[in-house]
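What follows is a pair of complexes built around subunit A, which joins subunit B in one and subunit C in the other.
Right, the complex of A and B next:
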């Protein structure tokens, strides 16, 4: 049953991707500027302009460009797994995304793990002790911490922990510039450091990730705590928990039952936030010079680099769709009431 | 403790785990290496970005941070001797009247045949250990003529220099014509022997020497390395140069390059002028200006760029930090489009020229690190002539000129309200915002209704270069890298029909075009200078563009770092730096 569900979802996902591909292809071409003019900044002769236009393939009709992009023209395209070549760097978009995406995935994954480790216990504790210290602290944090933009917290943390207290490293990316990064195998700095057995680099990478993760956790914890708390309160008010209490089960056991019921909406929220933050972490990446997919996206948009923009949108969408699919499967594992039919 | 004791058992266990996690975190908080200290022989340079490509004909050639990387790897044929004394900030300045050979040991020019004989320097080795010969020059020129890159930058300067064979035919849509033209090097450039190359021009043209000094377009490739990385699909190694390395004979070799993150150079052990004092130079991308300042102050970086004038001003007061600047070739000017009424009215243009609050712009926009610009070319370039009497802030004169233009006290300008939208690059709001507000206030005071129109950089470029429809705009990003007043005027003021390239104001003056046609081929320097002086006078009278200020190009650095030198690309040469 679950296999059929997954196949159905993948098929729908493929259709969504096709629609998105067409929409993005035409929408970027409606932007109010000409990417060729950026290329010929130094040399604006009509011949140079025409040459640059030809080099980008923009001298061809839009339908021909689309067919080329899809891989139905003279060369390989999307259908062959080729996202094209960046107009800014002349490197393949696949390799550029491959270079920047792991940084963002690494940042987000660690941030969400830490967020879950903190936010769920705090949310549960807040729901279990209404009006007590933890609950009030969550309320104050929700008003103050969670309502500020992440770049502001990032700059503040840099100022406090790096510039003033000197306990955090300079916001210089994933690793100290004077250290040699571990050889690139997976593209994930921490994994590559482990594979290389370079634990000095591993510690330095975690040291450099410390503030970015703290910033992300600070911002992400707000909605996650709130969701965990609300779900827990709702679960505690449900009939089966009332029955468990009436049956005299231990408090820890009852809490575990409540948590199982409360965790599913929280996990859903985390999944959605993960998809959103793939592109939305750009400000944190910028503050800490991390060079992730968000920064790559911004650079591509500012340069009107159509192939890169299209590639980024497709990859982020594909990851988001996979996350949502994984969430739906996870939902069934967590909550036995969910049945796929 | 009290709060913790109220928690369920499993949460108390979780709290214990949290303490352990905190201990682990505190381990991470401790600095793990001695990286905070400045490593001897190492430079950490923080910039807004790192090179997006390294090919001189590549798609990112117009980006300053790309040029910064290329300048460290390439070696020009010709450069300029340094002046004996640095400028007021300690920056070493070139003397543009004294070209000196770099990869060329010397050169001869025969005015009768318009032939240049280039004598290639001997015993010059590339990063790969290959010896420079005439073959490397021939490869570089053949590659330029091939125009296979996204932007034919190298071809462009050879074409501007009037070198035989570098014609527009290479762009012909007729494949046969284009292919024939691309094999036309024999007409203009010949290898005489292993260390001699002959270049022929169609007409006398002094720009050849000037353009040979433009490192980022005329730097010489290590042809053996380039050919070693050529493929059947990419015989000129565009992909290799764009994405992997730029093999040349420059002072630094590429050590590591991660696009969007950092580029790392090692001093070229074979460099013919001697190995660079700084062994390892790392240019690291730090997008946030505030972070670049914090890191510089902490001592973990020794050099930063790309700050706003106000930020540089605040850095000037910080201990251990020095700000060095040069009034080189960067200027701020106002574009008034001749194709858009009422800007076709010279009197109105002059009225605006006299209404500009020059000193306020210098003080507010550049924290005093600028001076009024008194011509349409950079004052550091040879043949620059100051306009006399200069335009200055004189509201009464501006009002009188406005009346002469047919708009007393601004009456009649209401119908042009949408033309007086002062356009500027939105991304430069921090610097340009205060300036455009000063301009608006000053023009409103004499009756000219101005509104502000910030637009994205790419849209601005599109309207400036392609559409040429910016009616009223401020611009601070035009700097001719070829050090020649005539070249600068051809670039911006000569009409399109007469070979103008970036005439964003649609200025058309047949007399000026004729003067340039004459100056372009005038071999006598004194006569050429006289024509160029007259052209500058005309352009300032008509205010073809309205020059406002020349502002300093600045860097902030550790006060232990010295040797900063300036060149027209505004990219620091790391070779000159030392502690």
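Right, the complex of A and C next:
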């Protein structure tokens, strides 16, 4: 049953990815941008322009370009796991994404863990005291946190904690430029520091991640707390909790049951937000110059670097689709009432 | 819910009994949103300086808190020599106060126009896809799925930066990104309305399917979209500001909140806070106001 479900979802996902690949490929070529003159400058001679156009492959018919990108023409392409070469840096897009994606994943994972650790207890406390001060405060914060310009809060935190109080480092990356970063193994700074046994670097990395995580948690916990509160209220009103109460189970046990039912939708929201934030962490990354995939996207888009743009959109979407699938599977594990069909 | 009550809920705002529960928070939100709308329309008659005039001494801090009462008195009685730079000036010599108050012209116009366009595209598509279920409309939904799986911020950057960084392009980009939301909302509501008695009754009276869809199903299916629009307007303001912040949106010297925060970002490390703090407060409160209104509408609609 579950295997069939997974296979079906993977098949749909593959079709969706194909649609997306075509959509992005034609979208960037349909928009009135001229990547050649962005590369050689507006004052380039016609010869230089034509030569640049040839070297980017933009002189070929669009269908040929598409077939080559997919890997059905000459040379390796998407089907062989090759996302092409960046026009800006001449490095392979796969390696550039490999260098920037772990930073974003690191930021997001720590941020969401902290968010959940705060949101679930607060949401449960709010649901258990309806109409009380905690509940009202949580309600207002839920609306407020979810509607904030995170980049501005990031700057505000820099102003307070770096410029005024001087307890945070300058917003200039993942690690102090005077420290030697741990040798790259996984690409995840914190993991690499642990593998290298370099705890001075590890502490410094967390010191640098402190404000970015604070910024993310500040905006993310709004909707997550709201969801935890709503799910908890809904669970408490459901029949099986009524039955558990009627059967005279201890209050602590009833709370545990309802929490279990309330956690599933909360985790789902977190998963969806994780997918959204893969591309949405751009602003926080920019404020703190972390060098994640979002900043790579900004650089590529402003340079009209088509192969990089296509690669970034595909990778981010593929990861979010996989997260959604994992969520649906996890959902049934957490909430046994869910059945696949 | 019977057909009569659901039909009346669509026009519920007109009925005195069905008014929104007015809380202080909602009052603040409505007043603030109206204030922003008034500024969007009339800011040039209100602000002391031209928002794109950069002839002032750069980096002037705002007046000290203690001086504000006397300066305010001077301004109100007209005895002040020249208007005060209430929020200071930025590194290019613009008056921050005038720019913050003029920004709704751009930010709100983009948000309202893109949201309206998104509804204009999304609702008819949702109506057709929900009312007429056939392979063609199924294909439409799959296309909408693909569009919705795009990462929003990155897609907005692509559309605006590659399409040309103008206000009109930001509007078009955001409307394309938000249209699938309205397709989905309208479609599911249409599917629910379709099975109701009024549709069968109209059919028995011999009305054409298109007529039923337009006259009876559509008006009853717009509620969720209207509720959603308040939330979407808020998000559009955030997205517009975010795009300018990374340099992929509206261009300087346009008075736009995100752009102002971006200009001020470099000053913040030096402790020069006023160039980015004031426009940030403006975005923060405006989007919060739209979120509060959206939440109130949602509670009203779902009751």
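The rule is simple: the second predicted complex is superposed on the first by the 332 of 341 C-alpha atoms of A that agree within 3 Å, B and C clash if a C-alpha of one lies under 4 Å from a C-alpha of the other, contacts with A are read in each partner's own complex, and residues count from 1 in each chain.
Operating definition for what follows: a contact is a pair of C-beta atoms (placed from the backbone, for glycine too) under 8 Å apart; a residue touches a chain by one contact, two chains touch by 3 or more.
No experiment lies behind these values; they were computed from the predicted model shown.
Novice: Would you mind checking whether subunit B and subunit C clash or fit side by side on subunit A after the superposition?
Specialist: clash
Novice: Which partner does A:16 contact after superposing on A: first (subunit B), second (subunit C), both, neither?
Specialist: second
Novice: First (subunit B), second (subunit C), both or neither: which does A:206 touch?
Specialist: In the superposed model, A:206 contacts subunit B only, not subunit C.
Novice: In the superposed arrangement, does A:321 touch subunit B (first), subunit C (second), both or neither?
Specialist: Touch partner of A:321: subunit C, not subunit B.
Novice: Thinking of the overlay built on chain A, is A:313 touched by subunit B (first), by subunit C (second), by both, or by neither?
Specialist: Touch partner of A:313: subunit C, not subunit B.
Novice: Quick one: name whichever of subunit B and subunit C touches more residues of subunit A.
Specialist: Touching more of subunit A: B.
Novice: Please work out whether A:286 is in contact with subunit B alone, subunit C alone, both, or neither, and reply first, second, both or neither.
Specialist: A:286 sits against subunit B and subunit C alike.
Novice: Could you tell me if A:94 is touching subunit B, subunit C, both of them or neither one (first, second, both, neither)?
Specialist: Neither partner.
Novice: Could you look at A:143 and tell me whether it touches subunit B, subunit C, both or neither (first, second, both, neither)?
Specialist: Only subunit C is touched by A:143; subunit B is not.
Novice: By the touch definition at the top of the document, which applies to A:55: first (subunit B), second (subunit C), both, or neither?
Specialist: After superposing on A, A:55 lies in contact with subunit B but is clear of subunit C.
Novice: Should A:67 be classified as contacting the first partner (subunit B), the second (subunit C), both, or neither?
Specialist: It touches nothing on subunit B or subunit C.
Novice: Intersection of subunit A residues contacting subunit B with those contacting subunit C?
Specialist: 32-33, 155, 158-159, 162-163, 170-171, 286-287, 302, 304
Novice: Of all residues in subunit A, which touch subunit B in the complex?
Specialist: Residue positions touching the partner: 32-45, 47-52, 55-56, 87-91, 96, 99-100, 117-118, 121, 124-125, 128-129, 132-134, 155, 158-159, 162-163, 166-173, 176-179, 200, 203-204, 206-207, 210, 251-252, 255-256, 286-287, 289, 291, 295-296, 299, 302-304.
Novice: Where on subunit C does subunit A make contact in their complex?
Specialist: 25, 142-143, 145-147, 149-155, 157-159, 161-164, 234-235, 238, 241-242, 245-248, 258, 261, 264-265, 268-271, 273, 276-277, 280, 283-284, 287-288, 290-292, 295
Novice: Tell me, which parts of subunit A touch subunit C in their complex?
Specialist: Within the complex, subunit A touches subunit C at residues 16, 19-20, 23, 27-28, 31-33, 140, 143-144, 146-149, 151-153, 155-156, 158-159, 162-164, 170-171, 276, 278-280, 282-283, 286-287, 294, 297-298, 301-302, 304, 309, 312-313, 316-317, 320-321.
Novice: Of all residues in subunit B, which touch subunit A in the complex?
Specialist: Those in contact with subunit A are residues 2-3, 6-11, 14-15, 18, 21, 25, 28-33, 35, 39, 42, 44, 46, 49, 52-53, 55, 58-62, 147, 149-153, 156, 168, 171, 217, 238-239, 242-243, 258-262, 282, 284-288, 290-291, 294-295, 297-298, 300-301, 427, 456-459, 461-462, 464-466, 481, 501-502.
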